[in-house]
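Have a look at this one before I ask anything.
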Amino acid sequence: MAMEELIRKANTLVEALPYIRAFFDKTVVIKYGGAAMENDALKASFATDVTLLRFIGLRPVIVHGGGPQIGQLLTRLGKKSEFVDGVRVTDDETMEVVEMVLGGQINAEIVSLVGAAGGQAIGLTGKDAGGFLRVKRLFGPAGRDLGLVGTPERVDVSLLRTLTKDGFIPVVAPVGVDAQGITYNVNADTAAGAIAEALAAEKLILLTDVEGVLDDAKQLIHQMTEAEVRRAIADGTVKGGMIPKLECAVHAMERGVTAAHIIDGRVPHALLLEIFTDGGVGTKLVHAKA
Amino acid sequence: MAMEELIRKANTLVEALPYIRAFFDKTVVIKYGGAAMENDALKASFATDVTLLRFIGLRPVIVHGGGPQIGQLLTRLGKKSEFVDGVRVTDDETMEVVEMVLGGQINAEIVSLVGAAGGQAIGLTGKDAGGFLRVKRLFGPAGRDLGLVGTPERVDVSLLRTLTKDGFIPVVAPVGVDAQGITYNVNADTAAGAIAEALAAEKLILLTDVEGVLDDAKQLIHQMTEAEVRRAIADGTVKGGMIPKLECAVHAMERGVTAAHIIDGRVPHALLLEIFTDGGVGTKLVHAKA
Amino acid sequence: MAMEELIRKANTLVEALPYIRAFFDKTVVIKYGGAAMENDALKASFATDVTLLRFIGLRPVIVHGGGPQIGQLLTRLGKKSEFVDGVRVTDDETMEVVEMVLGGQINAEIVSLVGAAGGQAIGLTGKDAGGFLRVKRLFGPAGRDLGLVGTPERVDVSLLRTLTKDGFIPVVAPVGVDAQGITYNVNADTAAGAIAEALAAEKLILLTDVEGVLDDAKQLIHQMTEAEVRRAIADGTVKGGMIPKLECAVHAMERGVTAAHIIDGRVPHALLLEIFTDGGVGTKLVHAKA
Amino acid sequence: MAMEELIRKANTLVEALPYIRAFFDKTVVIKYGGAAMENDALKASFATDVTLLRFIGLRPVIVHGGGPQIGQLLTRLGKKSEFVDGVRVTDDETMEVVEMVLGGQINAEIVSLVGAAGGQAIGLTGKDAGGFLRVKRLFGPAGRDLGLVGTPERVDVSLLRTLTKDGFIPVVAPVGVDAQGITYNVNADTAAGAIAEALAAEKLILLTDVEGVLDDAKQLIHQMTEAEVRRAIADGTVKGGMIPKLECAVHAMERGVTAAHIIDGRVPHALLLEIFTDGGVGTKLVHAKA
Amino acid sequence: MAMEELIRKANTLVEALPYIRAFFDKTVVIKYGGAAMENDALKASFATDVTLLRFIGLRPVIVHGGGPQIGQLLTRLGKKSEFVDGVRVTDDETMEVVEMVLGGQINAEIVSLVGAAGGQAIGLTGKDAGGFLRVKRLFGPAGRDLGLVGTPERVDVSLLRTLTKDGFIPVVAPVGVDAQGITYNVNADTAAGAIAEALAAEKLILLTDVEGVLDDAKQLIHQMTEAEVRRAIADGTVKGGMIPKLECAVHAMERGVTAAHIIDGRVPHALLLEIFTDGGVGTKLVHAKA
Amino acid sequence: MAMEELIRKANTLVEALPYIRAFFDKTVVIKYGGAAMENDALKASFATDVTLLRFIGLRPVIVHGGGPQIGQLLTRLGKKSEFVDGVRVTDDETMEVVEMVLGGQINAEIVSLVGAAGGQAIGLTGKDAGGFLRVKRLFGPAGRDLGLVGTPERVDVSLLRTLTKDGFIPVVAPVGVDAQGITYNVNADTAAGAIAEALAAEKLILLTDVEGVLDDAKQLIHQMTEAEVRRAIADGTVKGGMIPKLECAVHAMERGVTAAHIIDGRVPHALLLEIFTDGGVGTKLVHAKA
């Protein structure tokens, strides 16, 4: 390797130092999904990033979705789903498939990927540890019944803290239980937000399949305060699927999370870039300066 | 409640004291399967027993099977299985189903059952923690290819120890990984034996759908030494499916497990009875007195 | 043993589970005395109960009396005692006998009984650890001098916490010291109450030689709130020796003890029955629901 | 105070420094008895010394006798004792008195004295903690029955280590239990030796009512090796009650105690002087240089 | 040694016991300087005292000056200093000499002296541990520039606590850093006061070359309250160099230090005498009784 | 920043992952000196590298030299030095200057540099902690007297372990003490080797002002086994100052250090490059494969 090349590498490591110091021993909750969970190269890149975060002293927690994979198995089983406002109405049989796919397939695959990168992940669902993700039933517009769809009520973080303190990387499938022990399907973004909030995380990072939040001129907004987010929602600058993501992020920030990031999961190593460079590859939500 | 009845209850608790003292802080690995995993009352009874064990000071670890449930989903998906000597030949697609059923359905159900009984279970597969159940490929008779069927090579018990020390109850689906990170289906009895051995467990308990080991007169043998087991296998006293179970148990005992039990999972609270009464409800294998 | 009998036993253990879970790691202070301290079978039953409590995760602390035995030795030594309102006027020579009997005879016997049941008890008096039971001199009606009779002023619980945390069972003789280091005789109920209060115990249990608190129709009252106790004292429902016991119990509850029990020490395993069954064998005092 | 006097005081403290450093965190087992346990000034001096040892970093453990006090109570109760070779034949009734006096009177008094000096003592007998001083029955010459007289067989030091590590000073009455849980009277020197041995103590110090070991010319021998002790016993230089004391001391040294001291308990602060000055006030037994 | 002499020695040790108990595990910050740092016998006496304090359970922290030695090296290097109100104007070159003398010469010598006395000292400057003594630039009267002279702004005590907890004796050279990382010379009394305050020390002891605070009749004042100190400054009873010392001491006491001592470092073992005798060898400042 | 550039950065971080995992929690002893200690940019680069190592989980320990700076101060003070075989003959006055420069100037500067990079360094000399670097006097050829020049005899690593475990970075000036407490000048390479050996370090890294070890054709040798080093010395391939460095490195490796590196301190971030890239920037000495 030429000396020049070596020095460029060294400089990159050195540039990361301020971030490494700043985030030492801090918890980062990552919602993993979309393209980053489908493309093989992006999967490996994600697992490597998470493992690297753990070895340089952070405490990553992964929360994943799995809508498309659930759909595929339902289709193979000849089971049709109804959707209300984008939410899958979940009957008992569907819930069984949801659990198998999230807890038995996707979760296991992520654990394997992290293992291949040299990390030690532990697959979890919200049912573990006596139901650490406690939910209540969610109703659709006009009180419509959505079946076994839940929304987070309380997160018992003792297991997550124990695992991250010992260097393990929790991989959480967004399945929760209510007070009666009934199992529910939970939106992964919402679950990640609730977990980040309960852990008073340094960062909540949502991987998406878009560049980030765009302004009216379709340019990426690099940074927004909570007030700016609310205004952008109110005036229609942001639309569609971005709205619930931003609401979830702002909700978590109002309850103790330091910063939230909406990043482009289609970029290799998006996670590392967002955490360890100034520019980043998405939109960072920050608290307004006091 | 009449005073007599009360006193009888007290006496039962008191009779358990010597066992409680003897097994305080000891690890018990339980292979869970068969009728005890199918009948709703037996399921609840099992979950209660395990939770009780944990609260009176033992460290239970559950390893479960799931052959019938795997078969059901394969059938629903129109996928046929070939069997060689009772072992399901496991191709990639089958392995995916195995993982979903064991890791995403059965595992989750056991975790829920224990939660309903007031315990804190954690669902695991051998892929967790960087692959804590390391296996190698198993071949059939005459080197026949069985596909993704593995046999335990090494168990990293650090995660299991951490969890049981903190009062959590690990529930392990018998899925392992080889050195290349490939996922394999593992026989649940064998996995339980390997885990018991690695943990130097006090007891390895195999729940079955028979009374225990029977002698020539079809009478239950309450206790056997390793030598007696070998003789009974050699002279044909025991036959069929009991042979691999006994071999698995003896194998674990030769590598540090104190005692092994083949018990009748069809009896409610079989687990408690076997541990806390002298008679027990099955066959206990013990080391011969030196 | 017939299977039916086995199952009945299992059910008894299982019934205890909710109590075991509820009282896990909780402290229970037991005033031991009366018939339960005189009859050999009841002694063994008590020691077994206490040992069982410890092994299923509670933290028992025993405080014992010893009036009759003190009387016997005084008689043998030809020493007469005067009583004021049921309190033995205690001169220096009497105090010496009190200490020998409580600290050297009864205490030692209880430690032995617990040892025989498989527990590890540690005999203590309030003089240990630099005087962990600090008292002040108590005066009789109209300021009458009672000699070396003290009432608890402050309990230093660090030794008790250390011992119970390590699985030891403290057995405390009710002997205290004042600020000048002078030794005093203390009423055992009062000492137990003060210790329960200082430990913020889950339960204060007073073993007596009666069924419990009886109503006007001589029927056992199973449960009372603090207000009901006060009313029963005020309107004369309860009389005599039960009054100071109830006052002691209510006093402790007002200072942080969760529940108090007046139970019938003449019933074998009264302790277990009161803790692990719903009916119990005595009167339970509880805080009124808010 | 004149400056000269102050400086003399400072020098004394400074002279103690090498000893304080050398014995930091070391265990010292002290057999307490004789004049030091009878004279009020000597009692207070002893308690102060022990407390000082603890505060400057040593771990003192006291083992006490009580023959004269036992005799007094027996006399008051009209009970006669037979002696065989200086050992009191101990029947059940005598044993009860022994326990009351050692465990309830003397033990409590020492605990109080240490408390008055500002230390935190804990009174113990060998019955505590499930019988930490395990003994077997001792027989007299020609197998003569001595009743409940025992000799140490095994010492479980976990309780003593826990207490001394937390800064408590154990005060042990020499009462032991055999495997059947029967209580025995034990010679205090022997008990101290066995405890010192089990703790691998830095020092075993026996307080006596003589100057120490004297040579033929009645001069104090300041230091002896084990071989010199054996020779002095063999050639008759030492006689009578000194012989068992020296044998006890040498026995302990052969099993891991670093040094043993036979000191004159009639000298105020004999303990401090022996530990913190070169001359000392008795005879020090040391291992011969290798 | 005659027995009388021995007993006198024992009494001296015993007299120290109440002080040893009272100051057990307490932190004492000592400003070391003046004659005690120049005379060889006094140096050894100081090092012994500090080591003794550590072994009997206190946590000493030394802060030293070094003006004369700095002056000597500057002279040898031909560098002249200007003084403003007794403060050396410190340019870059002077600061370099200050660091070499304080951090490389005096600090090292004290560490050696303590080592020779058997203690384990660790030489530090305020630059260690990322700048544990944070200062800001100090200006002279009328805003006159004093160069690199700083005054304490914040003390990060984590390193000091870690070291003293492990039995090490920190020796701090009064060199600090500002927010920009620039190194400053700090007055040793002030640095000691700031460190004592940050540690909430039991005592701040300033070694001086005078007897202590004198009254109008030139008699030593043994004890003063903060109010009396302020009055003595106001009415001119104390003058000159004693004023800033008293102000420094009172400042620390107002911020949590229990007592401050101005003692005569010319007396051998002044430190021990002041701490372990009632009279002491200087002036003790105490909080007024509430 | 262009996306390409971002991705290149991410890749560099990712490439470092295997090294970060391999060296997690491992100790690295670095001899710092030469150009890297003179040039301002290289100084900052070194401090950054060391800080980065600490934050990504390694435990760096720095040992520095200072010959040129010592020479400068001696010159300014008009003091001449004699050299024997390249070793400065060190009289008392010279030793004083050595200590001031190493312990008060260079050490302090390195501590500041690391602090500026965000690390927490602690300046030490071998005199700290009761003399953790124990040396004996070294003699020149033919027994020539070199004055106060010592060679390491024993290293007490407890302080170094405590500090590195708590995240502090020790900076050690190569000054030692002998059994009599006399201070000696020690060669920095030798001191680093002895410290690496005592810590059983993963790596000993010597920063030099050359490229590394060159072969006969003046080409850098990237890797050598111990046997190859000995051969290269024997056959004259390596010459001059490189010989003692290699001997020091091999000596440490024979006593438990895993690998040693001779690297080019003139290259910015040489430390990072050597540890985190395969090529490295110097010569790596490794144990021959078994």
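Going in written order, the chains are labelled A, B, C, D, E and F, and every chain counts its residues from 1.
In the analysis below, a contact is a pair of C-beta atoms (placed from the backbone, for glycine too) under 8 Å apart; a residue touches a chain by one contact, two chains touch by 3 or more.
Computed from a predicted structure; not experimentally measured.
The chains in contact with chain B and with chain D alike are C. Common neighbours of chain A and chain D under the contact rule above are absent. We define each chain's centre as the mean of its Cα atoms; on that basis chain A and chain C are separated by 55 Å.
Centres computed as Cα averages put chain C at a distance of 35 Å from chain D. Separating the CA-averaged centres of chain B and chain E is a span of 68 Å.
Contact with two or more other chains is made by residues 118 of chain E. If each chain is drawn as a node and touching chains are joined, the picture is one closed loop, every chain linked to exactly two others. Touching chains close into a ring; read starting at chain D and passing to chain E, it gives D, E, F, A, B, C. Across the complex, chain A meets chain F through its residues 1, 3, 6-18, 20-21, 24, 45, 48-49, 51-52, 55-57, 117-118, 267-269, 272-273, 276-277, 279, 281.
Those residues of chain B lying in contact with chain A across their complex are 73, 76-77, 96, 99-105, 107-108, 111-112, 114-116, 118-125, 127-131, 159, 162, 166, 168, 175, 177, 181, 183.
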